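Each of the next two complexes has chain A plus one other chain: chain B in the first, chain C in the second.
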Partner chain A sequence: MTRLSVPMTAAILLLPGAGYLALLFGLPLVLAVLASFGVLTRGYDGGPTLAFYAELFGTRAYVDGLVFSTYLALVPTAVSLMISVPLAVLLAQSFPGRRLFTALNKVPLVVPGIVAAFIVMTLFDRGGTAARVLAPLGLDLPKLVRDDWAIGAVMATVWKTVPFMTLIVGGAMASINRDVVLAARTLGAGPVATFWQIQIPLALPGITAATLLSFIGGMGAFAVPNLLGPVYPLPLSVHMYVNAFERANWGLVAAMGTTLSAISCVVLLAYYRVTRGLRAAGGAR
Partner chain B sequence: MAELSLTSIRKTFGDATAVETLDLSIANGEFLTLLGPSGCGKTTILRMIAGIAMPDAGEIRIGGRRVDGLPPEGRNVGLVFQSYALFPHMTVAANVGFGLKMRKVPRREAEDRIAAALDLVDLGRFAARYPRELSGGQQQRVALARALVTEPDLLLLDEPLSNLDAKLRDQLREDLRRLQERLRVTTLYVTHDQSEAMALSDRILVMRAGRIVEEGAPEALYRRPRTRFAAEFLGQTNVVRLIRRDGMAMLPWGEAMPDAQSDSAYVSIRPEDIALRPDPHGPGRITACTFLGPTVEYRVELAERSLRVRQTGSGTVLLTEGTGVALSLLVTPHPLAEGMA
Partner chain C sequence: MSQSAEGVQIAKAGPRHGLVAADGRWITMGLGVATLLTLGLPLIVTALWSLMNPASGWFAPDILPPSLARAHWREALSDRTIPGAFLTSLLIGVCVTVLTAVLALPPAYALAKLPFRAKRAVELFVLAPLIVPGIIVAVGIGSLFFRLGLVYTIPGVILVQTIGTLPFMIRILAATIEGVPDDILHAARSLGAGPLQVARHILVPVAGPGFLAGGLLTFISSFEEFEKTFIIGAPFVQTLPVILWTYLGGRVIVFPTAAVVTFLLLAPMLLIFFLAERVLRDDVLAAGMGKV
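Presenting the complex of A and B:
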């Protein structure tokens, strides 16, 4: 019997699992990237080209769309983070009504994004519920739906994101050894210093994971900005839809998708950089 | 450094009482040990003193200053957790320096003090390591250095040696003893291990189910316990009922008890305080012999009961099973308080 080298044996043993993953996750991505360069592109047979990227980065509306997609990833994520992290700490304490609060906080988890968008719309659109309630008081609601800053879209996204972020961050906080937190207190740290010096760093893997998921969701957001966002710019996801189904420009669609994925990848790498030190220190506990 | 006093401290969790109304005081520089079985409330007492658990009632004073009601960061107490509770995301130096950083000690001074504290526990080489890169014993010493570097008024140690293997435990016990003798920091030590308690302490409080059962210096407590619980917790012993005959108190093997108090019914006799002599007509018979190296342990069967007897392992001829023996006392045993038997 011939002896196989160790890496070779490992590769063969890994093949069923890794091959499956490669086929399922890798192949579609590779095909999309190839299509964006004119290789095996649907409805195009002009050979390899950079023309689709040229079109994407040469068209004002698309560049603005890309910036807007990034904005829709960044802003709701940042706002949700500022709400979720303190909320996770709060929910870890015991206080009257905690169970009810925790249950209510989970409601948005079971409401689909499109439904959330419609809720925000009926509440905050011109002539919506909030406007009608405030009108008799002489108060005028600012434009929140289809406004330039996409506040309505940000609100709907935050509403969806906060519970899920709280859940992940809360889990990360709960897994911190309680004695470690108490040790900080006995060493002279007040609650605020303990929060920043001990709880946040130790929950960082959870916090960054939640941030990452929220960010990537925002990059590809379609329904919510489409319903609640401004008329211009449109997020890149909407341009992808239009180019695919109204213009059959699949090469451009692939270039847009590849670009969105590339930005998410950059964020993912940044995530690994941030948490690497912690994982090296065994701090993920 | 300062003295500590607890007055009428009580703590319940739901309807379970963890600490029953309890008074305790430690003199400045004293090494006091709370000794008791698992679950008797030792950790709860330490946590209340450190301010991370709130007593239901009572007063805690450190150096005369009342501290119950103060948050933990206002008490200047060093606590070494049973689990060490090192900060996993910080290096050894950062762990030790954390308390100094919180006290806004200038950087240069902090660096010097961290280095001194690490030298104290012989860990200078490991300053840049992370806790998980250290052995259990090293982690324990980091926790100790971290608690000492801020010069606390009071040092609290929660079973600091219990997670270590036996050999390392003996080593660290000696180190701890020397360290305390050198620093003379007022120390409250918690353990369920009687030899640790005796080796380290100026004074021991024996606890049981949230109460202090008995207290004393190690030797006195070992040789002259008043309660059966303390007698048995501090080491192996034979609790023996005295037989009254003709106004004399007799030991089970017929020896008259010297200077027996008339009213005491029970005495505690340590296995090493009984001498054995081979005697085919003696009242006892060896039923088990265990050679342990430094000592030999015998089980001696009498008419009504059996006794543990320990003899030095040095040079003696072992008494084999079945050998008839005569017994005699080497020291006068101490009567136990009535009712505790």
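Presenting the complex of A and C:
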């Protein structure tokens, strides 16, 4: 049997997975970027142009949609962070039923976003369970579904994101060397100081990774804001869908997709910069 | 691992990670209440909606429905759409899992065991689909699939879902294969086993739990996938999430039927989740999802 060289073997082994992604993910993405500039755009043959970007950034509804997509990425991520990091610390303590709660906390990971949206509807829509329970107490809930601040959509997203973040942050915290934490405690640091000065900094790579993925998920959120969000503004993802399948304005769709991807890429680059800084700081320590 | 005697004593006397020094039972109670409100209550309300009696209805200000019936369940299960969607979801889930596993194993091995240049670049490329929102992937591939006649077909949905599941699977398999000692692989190779035999007799058995976890996660994420399926498949390919969407997003919102579909959607997920709890370890899940 002739032996192949290592790079050759690696290339052959990489081919099925990487080739699949290159063909079905990379190629359409490149085509979309080209189409956004009027190159090979379906239903348009006027040559290279910036008209689609002009249409995107010149239309009030789309600009508001872009701002709203960013809002749907930022707010649930921030709220989930504030819940997940303390929750990860709490789940690392020893208490009766720890295993059960760790398992139950992960349940929303396997629940589809649409189900989360349905739950929010049954509980918080007008005439929903929460309103019925509070009504006899003389309390009136504000509008939470299809409201201007998309509180319902934020709630459903947070419900899905908290377990995901807790899992990753918890994993990062569990990999912190116990001796470091114990050393801090023996040297006189209180539990709160240990949390802020030892556990949070050492778990930062996990925290930033979870933040990044949650942010990107929110940027492209489609089903949940469509079901629970306000009538105006609509997130850019919904505009994308409408322009693709109801108006067949593929150049504009490509410009929207390219813009959303570009924002994700910028956030990703920022993430690498931050984590590289962290790693360098960790090495210097 | 060597730990000093004092260290052990401190560990026993002090809290595990040192934020709450109080009795653990308070944590249990707090988490219990939180879990009841965020997980128990939604499940109960959904169950009540699915069991609501259509004859008496369930209107405000009633906190509980006046009477229960199995009418919606019977209707949903006798109507062909919902069981059909369940089977479609199942079929797509199995096909996506098999396709993902076959495509992911070779690159995962290369990333875990072979030294080659540009490894970091390949790793990044493989993870890229996680960074681009699913709706962009689906709309982008939509125009390609139009030309190939793959839109509105089950194969098209399988292909587009695999784009999303492949990165996780490669990630999990690579992490698992990294844990297989090089010695056994070299021994098998030098004793004359070919690459396929090594895969069958060494890799799959030794890295079994990781493979199982990756496969189950792939199935779960296919079963619950909505956006890509909706854009490539709807309205002709109806999976359970797509059906649920039509009950919730249309002009008339049908809560009881949506509640039945929710349970059909959740049952297999939760079953897998709790049966495979030992395999779906936190570190496997985190490796699949978290590291970028």
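Assume the second predicted complex is superposed on the first by the 254 of 285 C-alpha atoms of A that agree within 3 Å, B and C clash if a C-alpha of one lies under 4 Å from a C-alpha of the other, contacts with A are read in each partner's own complex, and residues count from 1 in each chain.
Criterion: a contact is a pair of C-beta atoms (placed from the backbone, for glycine too) under 8 Å apart; a residue touches a chain by one contact, two chains touch by 3 or more.
Since the structure is predicted, the reported quantities are computational estimates derived from the model, not experimental observations.
S.K.: Considering only the touch criterion stated at the top, classify A:112 as touching first (chain B), second (chain C), both, or neither.
M.R.: So A:112 only meets chain C here.
S.K.: Among the partners chain B and chain C, which is in contact with a greater number of residues of chain A?
M.R.: Of the two chains, more chain A residues are contacted by C.
S.K.: Touching A:241 in the superposition: chain B (first), chain C (second), both, neither?
M.R.: second
S.K.: With the two structures laid over each other on chain A, which partner does A:182 touch: chain B (first), chain C (second), both, or neither?
M.R.: In the superposition, A:182 contacts both chain B and chain C.
S.K.: With the two structures laid over each other on chain A, which partner does A:5 touch: chain B (first), chain C (second), both, or neither?
M.R.: In the superposed model, A:5 contacts neither chain B nor chain C.
S.K.: Once the complexes are superposed, what residues of chain A are shared between the chain B interface and the chain C interface?
M.R.: 179, 182, 185-186
S.K.: Using the touch definition from the top, list the residues of chain B that touch chain A in their complex.
M.R.: Where chain B meets chain A, its residues are 50-52, 71-73, 75-79, 81, 83, 85-90, 98-99, 102-103, 130-132, 146-147, 150.
S.K.: How about chain A: which of its residues touch chain B in the complex?
M.R.: 177, 179-180, 182-190, 193, 197-198, 201-202, 278, 280-283, 285
S.K.: In their shared complex, at which residues does chain A touch chain C?
M.R.: 1, 6-7, 9-18, 20-22, 24-29, 31-32, 42, 89-90, 92-97, 101-115, 117-119, 121-123, 127, 129, 131-133, 135-136, 159, 164, 167-168, 170-171, 173-174, 178-179, 181-182, 185-186, 191-192, 194-195, 199, 206, 209-210, 212-213, 216-217, 219-223, 226-227, 237, 240-241, 244-245, 250, 253-254, 257, 260-261, 264-265, 268, 271
S.K.: For the complex, which residues does chain C have touching chain A?
M.R.: Touching chain A from chain C are residues 3, 7, 10-11, 14-21, 24-28, 31-32, 35, 38-39, 41-42, 45-46, 49, 59-63, 102-104, 106-111, 114-117, 122, 125-126, 128-137, 139-144, 159-160, 162-163, 166-167, 170, 194, 220, 224-227, 230-231, 241, 244-245, 248-249, 253, 255, 258-259, 262, 265-266, 269-270, 272-274, 277, 282-283, 285-286, 289-292.
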